[in-house]
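Chain IDs A, B and C follow the sequence of writing; residue 1 opens each chain.
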Amino acid sequence: MAALRALGFRIARSGVQPLCRRPPAWGTAAPRLPGLPLAPCRAFSNNKILVELDESSGVATMKFKSPPVNSLSLDFITELCISLEKLENNRECRGVILTSAVPNIFSSGLDITEMCGKSMEHYAEFWRAVQEMWLRLYGSNMVTVAAVNGSSPAGGCLIALSCDYRIMVQNPKFIIGLNEAQLGIVAPFWFKDTFVNTVGHRVAERSLQLGSLHSASEAHKFGLVDELVPEEKLQEKAAAVMAQWLALPDHARQLTKSMMRKAVLDRLVAHREEDIQNFVNFISKESIQKSLRMYMEMLKKKKS
Amino acid sequence: MAALRALGFRIARSGVQPLCRRPPAWGTAAPRLPGLPLAPCRAFSNNKILVELDESSGVATMKFKSPPVNSLSLDFITELCISLEKLENNRECRGVILTSAVPNIFSSGLDITEMCGKSMEHYAEFWRAVQEMWLRLYGSNMVTVAAVNGSSPAGGCLIALSCDYRIMVQNPKFIIGLNEAQLGIVAPFWFKDTFVNTVGHRVAERSLQLGSLHSASEAHKFGLVDELVPEEKLQEKAAAVMAQWLALPDHARQLTKSMMRKAVLDRLVAHREEDIQNFVNFISKESIQKSLRMYMEMLKKKKS
Amino acid sequence: MAALRALGFRIARSGVQPLCRRPPAWGTAAPRLPGLPLAPCRAFSNNKILVELDESSGVATMKFKSPPVNSLSLDFITELCISLEKLENNRECRGVILTSAVPNIFSSGLDITEMCGKSMEHYAEFWRAVQEMWLRLYGSNMVTVAAVNGSSPAGGCLIALSCDYRIMVQNPKFIIGLNEAQLGIVAPFWFKDTFVNTVGHRVAERSLQLGSLHSASEAHKFGLVDELVPEEKLQEKAAAVMAQWLALPDHARQLTKSMMRKAVLDRLVAHREEDIQNFVNFISKESIQKSLRMYMEMLKKKKS
C-alpha cells in the first residue's frame, strides 16, 4: 500500500483519493519509494484491460478487452484506475494511448447492470469508482490519447473526452456522444463540464438535451474528436500524435494542462459526496429503475 | 390566482416570480389544482399574441401579431409571460413554437416608447417585465423553438436566443442581432450571458461592441441560428424539429436543460433588483433620453 | 504627476495602478486637469515606440521600432504603458492601431534577458510591468486594433490578443501563438484567460499545451486572428476596421467592452501580488534559469 499512499500524496492537489478500497490485483510490482530504484515494469495484464509499456518511447497502450462491448463495470473501472495509477507512478511512462481490443466498440459506457436492482451501497461504491476514473484520467499528468476504434456512447465518450487528444476511425457505423437523456437519465455535471470544455456551451446544450449520438464525421466537425483516420492508420497516427505531445517538456505541459482543467476537476472534488448522494437517490427511484429494466430488456431482445 | 401561486411555487427553483402584478386578462380558464381534472384548454387569444395548442402533438404555437413590428411593449410582454405560464402549467402542452404573424418581422425588440419620457416607476415596472419574460422563456421546461420569419433585432433576438432551437427564413433582407450599442445603450449582462452561451465569448464580444445586425446567412455561420430554410418550409421544419426534441423523455431533457442554463438564470435572480435599479438610472439619464428621442424621430421620418 | 493621478483615479475601477514607478520620459505634455484646455498633442516619440495621432480621425498609431525583434524589455513595456496612458488620457484620441516598424516581426514577446540572471527584485519589477501592460491594453477604453505585420510569439501574441480586433498579414512565414510551453515555462493564468476568451477552451487547451506557433492561415481558421490581408493592404484595412468601430457611440461601446472583459481583468487585479510572487519563485528556480540560458545560447548561435 505504500506506493498507493505515496501516489495519493503526490496527486493530492487534484483531490484524487488513494485506491485503498480494494487491494491491487496484479500482485508483486515493487512499490516506488523515494530514492529506491524502480523494479523493471514492462507490461502487466489484468482481466479486462491489456497494458503494454514501450520503454523506449515511454508510451503505454491500454487496450480494453472486455467483450462483448467493453462496458464499464465496477471491475473494469477499478482495473482502469489501478492501471492508470501504476503508469502515473512509473517514471518510465510519459504517455498512454487508450484503445479497444474489441471490434467495432471503444466502450459502450457505464454497465447498466451495476445501476439496476442493486443496493444503495452498491450504487454509491459504483459511482465513487466512476468519479475516480474521471478524476484520474482528466487530471492525468501523462499525455493521454484516445484512439477511438469503435462506437463510444455515454461513459465511453467520457473516457475519450477526458484524454488530451481524440483520434477516431472514419467508419460511418461508429458513433459517439453523451446519450444519457435518451435513456431517461441525466449526465452528471462533470460529464457536462468536460463536454463543454471540449465542444463549447451551445453544442453541448443541444447534444446533451437530445442525447445525440454523432457519426465520426459529425463529431469531427464540431470538435468532439480532433482527427479522423482510416482504421489501418489509427495506431500509427496515435503514435505520431503522442510523439508530438511528448516533444514538450513534461513539467511545463503538465502545469499548463492542470491550469486548463483544474477548475472543473476541483468542482467535482468539492461536491463529490453530494454527487454520489444525488446519483444514488436518482438511480434508486422506481421510475428510473423501471426505465433501465426496460432498456435492458430491449438490449437482450436485440441480441437474440 | 391559485393557479399562479401554484405555478410560482412549482418553478420557484428558477426564481421566476408569480405574475401577480396584474390580474390575468383572458378570464375564465380553470385553475389547475392538484388532483382536480383540468378544464379543456385548446386555444386562447389575446390582443397581441395568438396561441394555438395542438392537443394531439402537445405542441403550442405562439404567433406574435402586434403590427407594425411586434415591438415588446409592456402589454405585449405581459401577455407573453401569461401565455407562457398558462402553457407551462398545462400538462397537455410539452413544447411551444414562437413565430410571427406580421410579415417580414419577428420582433423589433423592446418598445422604445416604454423607455422614453416615462416615470422612474414605469421604467422599473417595464424592466421587471422584460426580466420576467427572459426568466420564463430561457428557463422554460417546455421545448421552445423559434421560427424566425422576419427581422429580429435587440429584444427580438433575445427571444430567439432564449429558445432551445432557432430556425430562420433564408431571406437576404432579414437581419438578427443584439444591436443595442448602435442606439447608445448597453445590452444587460443577462442578454450578454445568453448570447455568449449561444455563440461563444469572442463572437459575442465583437458583435455586441459593434451592435451588429447579421444577415440570416451570417447568423447561421457562427451559430446564432441553428438552421436556415425557405419561408414556405418554416412551419414544417419547426414541427419536425419539435418532434425530434419531444422524442426525448421530458424529465431527463428538462433536468439537462436546467443544468446547462441554471448558472446564468441564477445570476439574474440574484441581482434582479440591482439590475432594475441600474436600468432605471441609466435610461433616465438626460443624455440617454436624448439619444432615444433622436432615434424615435429618425424612425418616424423613415416611416413617413 | 497630476495627470497620472487623475488617470489612476479615472480608471481605478479596472484596478490599473498609476504609473508612478518611474517618471514619464517624454517631458512636457501638459497634464489634463478637469476644466482646463488641453495642450495640443499631435505626436510624441520615444526610444522604442513611435506614436502618431491623426487628430482628424482621432486614431493613433503605435509603431514598435525596437530592432531586431521588438522584444518586450522592461523599457519597452514601460514606454508602451506610458504611451497608452497618454492616449487614453487624451480626449482627441478614440482608437489606436498597434503595428510594427521592424520588418517580419510584430513582437518576439517578453525579453528573456529580463528573466535570466537578474535579482528577485528585478523579476518582480519586470512582471508587474507585464501585468500593467496587459491591464491597460485589455481594459483600454479606446478601440484597439492589432495590425500584425510579422511573427508574434508569446508576449507578442498576448498584445494582439488584448486588442479588440486582429488583422494579420497573409505571409506563410509569419507565425503567432502562445508558445511558452516550448520554452519549458507556463503562460500565466491571465494569458490563458485572454486566449480562452478569444479562441475557446478546447483550442486554447491544445495550443497552450503544445506551445503551438500557428501560421497566419491556421490562426485565422480558429479565430486567433480576425482577418488576413496582403501586406500592402494592412494599413488601409486597419483604418477601415477602426472607422467601423469608431462609428459606434463611445460610451455604449466602452461599457459593453468592460462587461465582456471585466471578469478576467478583475481576476488578475485580485491576485496580482500572488501572481508576481509565483512568477518570481518560478523563474528564479535553477532548472528554469538553466532552460532559459540554453535557449538564449541557441538564439545566439542561430544569429551568428
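Basically, a contact is a pair of C-beta atoms (placed from the backbone, for glycine too) under 8 Å apart; a residue touches a chain by one contact, two chains touch by 3 or more.
All of these numbers come straight from a predicted model, not from anything done at the bench.
Of all residue numbers that take part in the contact between chain A and chain C, under half occur on both sides, making this a different-residue interface.
A rotation of 120 degrees, rounded to a multiple of 5, brings the CA atoms of chain B into register with those of chain C. Separating the CA-averaged centres of chain A and chain C is a span of 40 Å.
In chain B, the positions touching at least two other chains are 200.
Against chain C, in their complex, chain B makes its touches with residues 180-187, 189, 192, 200-202, 204-206, 208-211, 287, 291.
Interface of chain A with chain C (complex): residues 164-165, 196-200, 223, 226, 244-245, 248-249, 251-253, 255-257, 259-261.
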